[in-house]
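Residue numbering begins at 1 within each chain, and the chains themselves are lettered A, B, C and D in the order written.
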Amino acid sequence: MSDKGTVILAYSGGLDTSCILVWLREQGYQVVAFMSNLGQDEDFEEAKKKATKLGAKEVVIEDQRKELVEEFVWPAVSGDLIYEGRYLLGTALARPCIVRGLIRVARRVGAGFISHGATGKGNDQIRFEFGCYALCPDIQVISPWKDPSFYHRFPGRPELFEYARQHDIPLPITPKAPWSIDANLIHISYESGILEDPATPAPPHLYLWTTDPEKAPQQAQQLTIAFREGVPYSVSVEGEGTTVHDPLEIFDTCNRIGAKHGVGRADLVENRCVGIKSRGVYETPGLSLLRSAHMDLESLCMDREVKKMKDYLSTRMAQQVYNGLWYSPEFEFTRSCVQKAENVVTGSVQLSVYKGNVFVVKREAPISLYNQELVSMDVQGEYEPIDASGFIRINAVRLKEYQRVKTLMEHK
Amino acid sequence: MSDKGTVILAYSGGLDTSCILVWLREQGYQVVAFMSNLGQDEDFEEAKKKATKLGAKEVVIEDQRKELVEEFVWPAVSGDLIYEGRYLLGTALARPCIVRGLIRVARRVGAGFISHGATGKGNDQIRFEFGCYALCPDIQVISPWKDPSFYHRFPGRPELFEYARQHDIPLPITPKAPWSIDANLIHISYESGILEDPATPAPPHLYLWTTDPEKAPQQAQQLTIAFREGVPYSVSVEGEGTTVHDPLEIFDTCNRIGAKHGVGRADLVENRCVGIKSRGVYETPGLSLLRSAHMDLESLCMDREVKKMKDYLSTRMAQQVYNGLWYSPEFEFTRSCVQKAENVVTGSVQLSVYKGNVFVVKREAPISLYNQELVSMDVQGEYEPIDASGFIRINAVRLKEYQRVKTLMEHK
Amino acid sequence: MSDKGTVILAYSGGLDTSCILVWLREQGYQVVAFMSNLGQDEDFEEAKKKATKLGAKEVVIEDQRKELVEEFVWPAVSGDLIYEGRYLLGTALARPCIVRGLIRVARRVGAGFISHGATGKGNDQIRFEFGCYALCPDIQVISPWKDPSFYHRFPGRPELFEYARQHDIPLPITPKAPWSIDANLIHISYESGILEDPATPAPPHLYLWTTDPEKAPQQAQQLTIAFREGVPYSVSVEGEGTTVHDPLEIFDTCNRIGAKHGVGRADLVENRCVGIKSRGVYETPGLSLLRSAHMDLESLCMDREVKKMKDYLSTRMAQQVYNGLWYSPEFEFTRSCVQKAENVVTGSVQLSVYKGNVFVVKREAPISLYNQELVSMDVQGEYEPIDASGFIRINAVRLKEYQRVKTLMEHK
Amino acid sequence: MSDKGTVILAYSGGLDTSCILVWLREQGYQVVAFMSNLGQDEDFEEAKKKATKLGAKEVVIEDQRKELVEEFVWPAVSGDLIYEGRYLLGTALARPCIVRGLIRVARRVGAGFISHGATGKGNDQIRFEFGCYALCPDIQVISPWKDPSFYHRFPGRPELFEYARQHDIPLPITPKAPWSIDANLIHISYESGILEDPATPAPPHLYLWTTDPEKAPQQAQQLTIAFREGVPYSVSVEGEGTTVHDPLEIFDTCNRIGAKHGVGRADLVENRCVGIKSRGVYETPGLSLLRSAHMDLESLCMDREVKKMKDYLSTRMAQQVYNGLWYSPEFEFTRSCVQKAENVVTGSVQLSVYKGNVFVVKREAPISLYNQELVSMDVQGEYEPIDASGFIRINAVRLKEYQRVKTLMEHK
């Protein structure tokens, strides 16, 4: 077998990347299997044994949970990132984190190739490959599901199963769900299979993480989330006594409380990077809580006009993340602008969660633009009502002019 | 008493506008009281008697409910209008509808003045006055709460009560809630009083319309909303047999189902037109349902790039509505653009409502950009995976270049 | 030779497309050569003979000048289209016009293929192919300069010359300029060759159309351009007596006067569709004049806030045109929005042109938002100066609040 | 005469502010006259004598030229600031600079009032007053032209002349031009009077600074402007030998060369802050040169996608400056974002100026995203043409889908 060099394979432990591992070796590559622990439910030691048995030269397992929370989730919270008004970007945030791990390993072992099991119609291929090319322009990406010699050989699952049998690749014991799943500590996403029909309801048993709201606790629960300069700083949960400050613990707590109360489910149609419309179902408990709290505090602390521009940039930023552009000049730019806008967002918000709902109960900030005296209907404060007449009449100059012209145009 | 001419007074039946009615007469005006039926809970006949007794030359009661739904709520649904990400504009949509009524009456009776009871720190003064000036540039607005001779005479409630007593203006029997309320068929809003402190939770008994989610039915309920070119077309509710097509009935049905299940509560801080931050609490049951359904259908039907621009315009449109600019060149423009974008939004969405939640269950459109074969992981369709490699590599050209420059800059 | 079917080839008459014609026949295709007359300096009959001699089954020459002006240039004028602040899109506007011609012929003769000579790094390949795929999704595009079997065979000019010699393809007699040229009635563009170095000045003799400003007439010349609803309606030139109304004549007149006075030269760096930065030199005499006049009239007629949104949409529209998206949902949308905004832009502008300069001298509109009485410093009109104090103080509420918070933050 | 306290008056030396000085003293204020040297043509010592004679308690003359260039003009250059596509903001940039001077003096002498001579329909009142309120929320502004007791007393020039005669205020010797003039080292602006009719051409003798292009030198002249991180760094002029680095000298040099060659004239209609359309004529020689050079270098150095967002922010920033919001949260934000984007804009641009034209000749940057090998038509570089086919076909997926839907909709 010729040696074409070393490939770092983003290895999931599943059937597809196991087959790819063997196939890459067949093609003459040495394979280093890379597994990122992003909080998904996975037996990493078992997967390591499996990869080793399939011929991996080395298996690297990296715990990237802390990195994911601090360097990818927190900016998403600061930016109120949401794609097309509904998707919280759970997968899109994880991919550039994995890419960083892949490139670190590639650099360490001197590998010239990266490979992954993402398909040719999806978003993840783009997020993996943009990230790799951006961080390491000389790297070459091997993407079997876009390589005709691979995808013509495996046009369907039967051919893949046959190949697995031939190469002693263990087949999954449990029957595959009729949809595909991606999980990390941010969310679980479900797509494909029966979900491809947007008119087919997602079955209730699909959701693996959050409690069905109908079965969630009968009692609402309160929690208070604090932020410093737009970044989560602490969380304390009613009835739990302690206040948590460690980023990973904050996020875990939010996930735990959110999931318990059925928070964060979404069923939607989105536009993929490649321009295809696709239906996705998501559960994102903790980030949903953090987002509600952060947005509320922001409205208390941030100037109206700054907020408008920050919202414009956040929309772009979410599109950039979705489209795999985490490591891009435009993302660097939007991120630094958002950070600048966030420097006033310090304070805390009390939420109440109940059967899928997240209610904001109250919010406080040591320093904010909210001026109770100024807004009060009972106190005049430094506000002179007659000034508002001038304000209105000057603004109305333009409106009256327009009316004048409209009348002329109608009579011409 | 001199005759300064006729004023059309936006009369609510409450203490403030009753005092204003009397005060206007004192100033030498003849007063026509105008009441708009926008679905609020009000005894219009009683109010009419009261205004007549206080000296109104005429009392006009106009049923504007249908007008409000068809000409103000429906465009808000088409535009997915939301202010600062959370407020559904219930009051802001009603004001230009009332203005139209006021101006109709002013034109009919030949009045040169309009008056209203909105305060000098709020948004409604602006919405009333911009509307009046825009529709009828020659009209003069009398705004007592911005007139020093009025507001210095009535610096607080006691002075107003005293004036009421002196002029036989009936005082409210029930003690006033410690906040102010505005209601119409779109929403009920609560602000001021104890709510002025954003850290004071809204008490549960504040909400007058929607069921407390904790007390809402234990069973989810399904409903299906259909749209034609972005406009609500019908609604059918699980267990109710009939499909409703009349706009007012569609909206009433959505309100009834939403309210029953505790849908549409929001507690937030917003930025008023005059630049003051203010806390508002809202319940908007029906529009919340319609908004969820419409947004979902839109994602199925509308092109990704058109949606981005439509969203930009919708954000502007919501700001325009909030800021009282319904009758402005910019609103005419955004509205017509949004309408153009909506011409593909035809189909239906099934929702499930449960204790405050609105879940999208499924969506269908006779014609849509969603192509099940194209998105399918099991069918290649007309999509050639290898093309995606080219797509990625070409897009990565720019990312690689940036990396090259960054490296150079770091080493300079 | 096998018959793979019929190809419509966008034929320029030059060496590249002549070689491609022969090569396509070698591959087994029948070739229909399509030439579009867009006003470029070309001997179409000579080119027709050449193509026929090289084996074209049919040669179609279409005069698309009128179509180009009315359906492509006029929308660009209405939209004030400009890419990255400087490029007037002369080539980008012509491509979708040619595509329409190509598809018309393909439909008529029942061809399944389109071919063109655009290179793999440029913009035109994208504009041609997006247009073809959009108008005729079933068409297949043959792009030799992106086909390895072609571009590996012809890695440089010598190989192409050799091929030409072997196949009796006439070689260009005049030595090729050290840059490439694209010309149509909108502009002449120059790029590549020695221009690839952005630090190399464009030599003065490069410009083929416009007079060198230093050699242009010593006397300024006046012309008046009229618009109806944003579209050029007539032009009259000082000293020429007649007023021209025919679209093609209007544009020819603007080109003639602009070119005579050295108007419309630009030397710039732009970002290509594929993400590469490229240097381009352009001369665009007539469109430069029309753009100056149109923008000026727009400022007289269009509301300030509508203009802001129109500008946002125009920027997108220019990017869409540059990126080959003329036949796209987003372009249809922006174009219809811009048209809506333009319905008030009726009037005329007098320009003075002199040695490269375009000066606006005066502008008039039968109906406009410009109100001389209102703006006058000598007449109070309906404007009450004291109102401006209220306007300022209310707007300053927010600024004062921010100052309060800044002071608090600095002292915390 | 009662002592109402001390007013700092923005004193120009002209008739209006002289009358205001006297009038303020009549009202019982002590007046400190503040004159800012912003490069305008003014005999400051003479003006000082005049103000002293008219009763000013103190006359402060501050040389703010360096401050104006470094802290106001340079950010405008970095931001490519332009209002409504044509106005370079010469007056709008100067106002916040003067405000800073006014507030410095107010703080030093403990004054509680600021006064100015700006009119009630114009922009400058807003720029002065927003600035004062923002920098010093407790200050009170006395704006005589918005005070009915002043403007009703002086409804026209004759009343002002009469008042001047009564109070020994020297009347202007030279007859006033039939328009008003504002001058500083950035520009001279002309408005009002006969210019109020947008159809009246500006007479050639109106321009006080720039040479009439028809009388400018017959020879073009070259100059090279260098930038560091978006800020002007040096300028060297052909035939002058030295390279200038001092900011004020750089700007003076650009002004001198620009004015000599007739660069920077503009005649336009703009939308004032108060919503009135107004005609303005400007000459801005140096900033026009700097803007051309900076924009050109930016296109060489800045990433395409960053540029798009920077342009969005620059448009906002220009509106903010125009609308008097220099000292606002939104301006602080946009300015810091623009600065971030500019950190790659280092290099130099050679311009050629000739009779009103500014031509870019060439540009260079030590490090830039321009990659000559990548763009070259003769070198393949790391670019694989076949990739572009994939790029196109994937992007065309969406276009084909749209065509499919359009066809369906047309046939329904």
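The rule is short, and it goes like this: contacts are C-beta pairs under 8 Å (C-beta built on N, C-alpha and C of every residue); 3 or more make two chains touch, one makes a residue touch a chain.
Just so it is clear, the structure is predicted and the values come from calculations on it, not from any experiment.
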Which of A-B and B-D has more C-beta contact pairs:
A-B
Using mean Cα positions as chain centres, tell me which chain lies farthest from subunit B.
C
Please report how many Å separate the Cα centroid of subunit B from that of subunit C, as a whole number.
43
How big is the gap, in whole Å, between where the Cα atoms of subunit B centre and where those of subunit D centre?
40
Rounded Å distance, subunit A centre to subunit B centre (Cα mean):
31
What residues in subunit B touch two or more of the other chains?
274-276, 303-305, 328-329, 368-369, 371, 374, 383, 386, 388-389, 391, 393-395, 397-398, 400-402, 404
Given the complex with subunit A, which residues does subunit C contribute to the contact?
303-305, 344, 366-369, 371, 374, 382-384, 386-391, 393-395, 397-398, 400-402, 404-405, 408-409, 412
Quick one: which bits of subunit C touch subunit B in the complex? Just the residue numbers, please.
274-276, 303, 305-306, 309-310, 312-313, 316, 328-330, 333-334, 336-337, 340-341, 394-395, 397-398, 401
Can you name the residues of subunit D that touch subunit C in the complex?
80, 84-86, 119-121, 125-126, 129-130, 133-135, 137, 143, 145-148, 151, 155-156, 180, 192-193, 196-201, 213-214, 218, 220, 265, 267-272, 274-279, 295-296, 299-300, 304, 307-308, 311, 315, 319, 325, 327-329, 350, 354-357, 359-364, 368-372, 374-378, 380, 383, 385-386, 388-389, 391-393, 395-396, 398-400, 402-404
